[in-house]
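Just below sit the structures, each encoded as structure tokens.
You will see chain A twice below: alongside chain B first, and alongside chain C after that.
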Partner chain A sequence: MTVRKPYVRSMEGWWNRVPFFRRYMAREVTAFFVAVYGLVMLAGLVRLSQGQAAFEGWLAQLRGGWSIALHVVLLLVFMYHTYSWFEIMPKTMPPVVIGGRKLAPGTITGLGLAAAAAASTLVLVIAWVLAR
Partner chain B sequence: MSSLPETRTIVVEVLRYQPDKAETPYLEKFDVPFTDDMSVLQGLQYIKDHFDGSLTFRWSCRMAICGSCGVMIDGVPSLGCKTFMRDYYPKGFRVEALAHFPIERDLVVDASDFIDKLPRIEPWIEPKLKKPLEQGEYLQTPAQLEQFESFSHCINCMLCYAACPQYGLDQKFLGPGLTALAHRYKADSRDGEHPARDELIHSTEGVWNCTAVGYCSEVCPKHVDPANAVNQNKTASALGWFARVIPGGRR
Partner chain C sequence: MKHSNQAPFWLLFGAGGMVSALIGAALVFLTGLAGPLGLFGPANPITYEHLVAFARNPLGGLFIFFVIALFLWHAAHRIYHTLHDFGIHLNAFWWLCCYGVAAAGTLVALVSLFKI
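Up next is the complex of A and B:
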């Protein structure tokens, strides 16, 4: 009769074990940056409720060097966020059957990214028209 | 006249655990001669036959059907029979028991948790309409088959469990493979009511425990895509919840 002593391994540092886990953690951490941008927008709303002078002060702050730097970082992170979001999308959907064949994951990701690019362009155009 | 295949030597590092000899697992290196057609499983068999007969590991079919020889190869959940030593030459590679399961001995894990959970998903068909045998088979259209067919390819190798950090952190989680198997029956047009299965899937032990890492689908040797099964059921679970709380909704 041999001894039975099942050995349980530690999970410490699991997120650093394979590149896939590191990419997963990067995807999850981008959500934090989305929250940061949400707070920036929320601050604008609070300043708007405090009157014109307060709101214009907030606008002036947005034009500052640190703010521009933050927005560049946010833009880059959001681009990765968008990519990672649509990369996982095929795994979150029921099969889309067109003409008797399942739509390939790559097609779903591509369509999602195209939709995101189209929506961003639309928002930019609207903002540009309003700002003229 | 054909020449003999070229033999090279590769360093295979194995995580050993011999509970009657040592308290904790330790690494042991072996110089294994191999030819291009030799799998990692054959490498382990070579070690057992020539260096150390006590090396313990599971295997059976040698052709990626039985799902017995799952191990971690350089930290990646893999079938020993479907991975070739030539791909690790000249660096060598490390073999460990499947992650997230207790190690019983060397490369053999204790799979009781998986086995105990298996019947809880009721992996069988309870016909929607029971009919006598003389009325013939329960027919399905190709489109109905398409809904679940890929999820029926699971060989219970548990690589997806070794790939799922959420399962490693919380053993209460039903896990990727069994959710995929549950979905295989749920998505089958012939299957009827399974209240116990539905409750398990929609509980926090079920699909809501998944954090959508997605590595399970990446390592699956049969392309079952458990992450898809889990997430399809999150949607179904959320819609079911809304249907119950919204007045005039279903149920």
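Up next is the complex of A and C:
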């Protein structure tokens, strides 16, 4: 009996083979940036709880060039996350039937993006009003 | 009932994904760019006084808590399941790296909010 070494096709870089897989991977990888931003906010909250001097130190770090560059990248990735989240929403949520017809995927994505635009505007306006 | 422990994680993933999709970009812009760079002029919300007042307000505190916790749980769940796609064998270590960090972050956020 010979020891055979069967051919196993490598799975390395499989997500680069088809655009569909590439989009899937891009969508999933946004989670890493969401985690980074969550931890940045957590650090800010911890510094806030330690008093004014600690918080001012954190703010000074946020003004640094690397932090600004990081947040520009975060902003772009979050915008992509918003787009991809609502792009796949027609597939991830249960079908909505209105007047005997299924809501079109494009409508669901469009409504989601409109809701995101409205909610984001609201957040910025509320922040501005509270600080005024 | 092998997957019965999956539902809460999946719900946290969904809730965090929705909140971050709705307002995540606005929050990044607010706390990471507009605040530090002073883009709002004299009405800058990202100052010690404004944020302490916001965190002490019950609604403001809940908002901060849910944003941080949900973002972390969303990311933990998604990263954990994507590790497999990168050819990483999932085990208790990776589980702790993902969900453990989210749980610890949630706890730290809660303690910090009560201290303010």
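Here is the rule we use: the second predicted complex is superposed on the first by the 121 of 132 C-alpha atoms of A that agree within 3 Å, B and C clash if a C-alpha of one lies under 4 Å from a C-alpha of the other, contacts with A are read in each partner's own complex, and residues count from 1 in each chain.
Heads up, the rule we're going with is that a residue touches a chain if its C-beta (ideal position, glycine included) is under 8 Å from a C-beta of that chain, and two chains touch if they have at least 3 such contacts.
No experiment lies behind these values; they were computed from the predicted model shown.
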Query raised in the report: When the two structures are overlaid on chain A, which partner does A:45 contact: first (chain B), second (chain C), both, or neither?
Result: second
Query - First (chain B), second (chain C), both or neither touched by A:11 - result: both
Query raised in the report: First (chain B), second (chain C), both or neither: which does A:71 touch?
Result: second
Query raised in the report: Given the touch rule stated above, what does A:20 touch, chain B (first), chain C (second), both, or neither?
Result: first
**Report entry** Per-residue touch tally on chain A - higher for chain B or for chain C
**Finding:** C
Requested in this report: Give one of first, second, both or neither to describe whether A:95 is in contact with chain B, with chain C, with both, or with none.
Outcome: first
Report summary line: The shared contact residues of chain A with chain B and chain C are 11, 14-15, 28
Query raised in the report: Taking the complex as given, what residues does chain B use to touch chain A?
Result: 17, 19-20, 24-25, 75-76, 99-100, 102-105, 110, 142-143, 146-147, 165, 168-169, 211-215, 217-218, 225, 227-228, 231-232, 234-235
Query raised in the report: Can you list the residues on chain C that touch chain A in the complex?
Result: 16-18, 20-37, 40, 43-48, 50-52, 54-55, 64, 67-68, 71-72, 74-79, 81-82, 85, 87, 101, 105, 108-109, 111-113, 115-116
Query raised in the report: Where on chain A does chain C make contact in their complex?
Result: 11-12, 14-15, 25, 28-29, 31-32, 34-35, 37-42, 44-46, 48-49, 52, 55-56, 59, 62-63, 67-68, 70-72, 74-75, 78-79, 81-82, 85-86, 112, 115-116, 119-121, 123-124, 127-128, 130-132
Query raised in the report: Can you name the residues of chain A that touch chain B in the complex?
Result: 2-9, 11, 14-15, 17-18, 20-21, 24, 28, 88, 90-95, 97, 100, 102
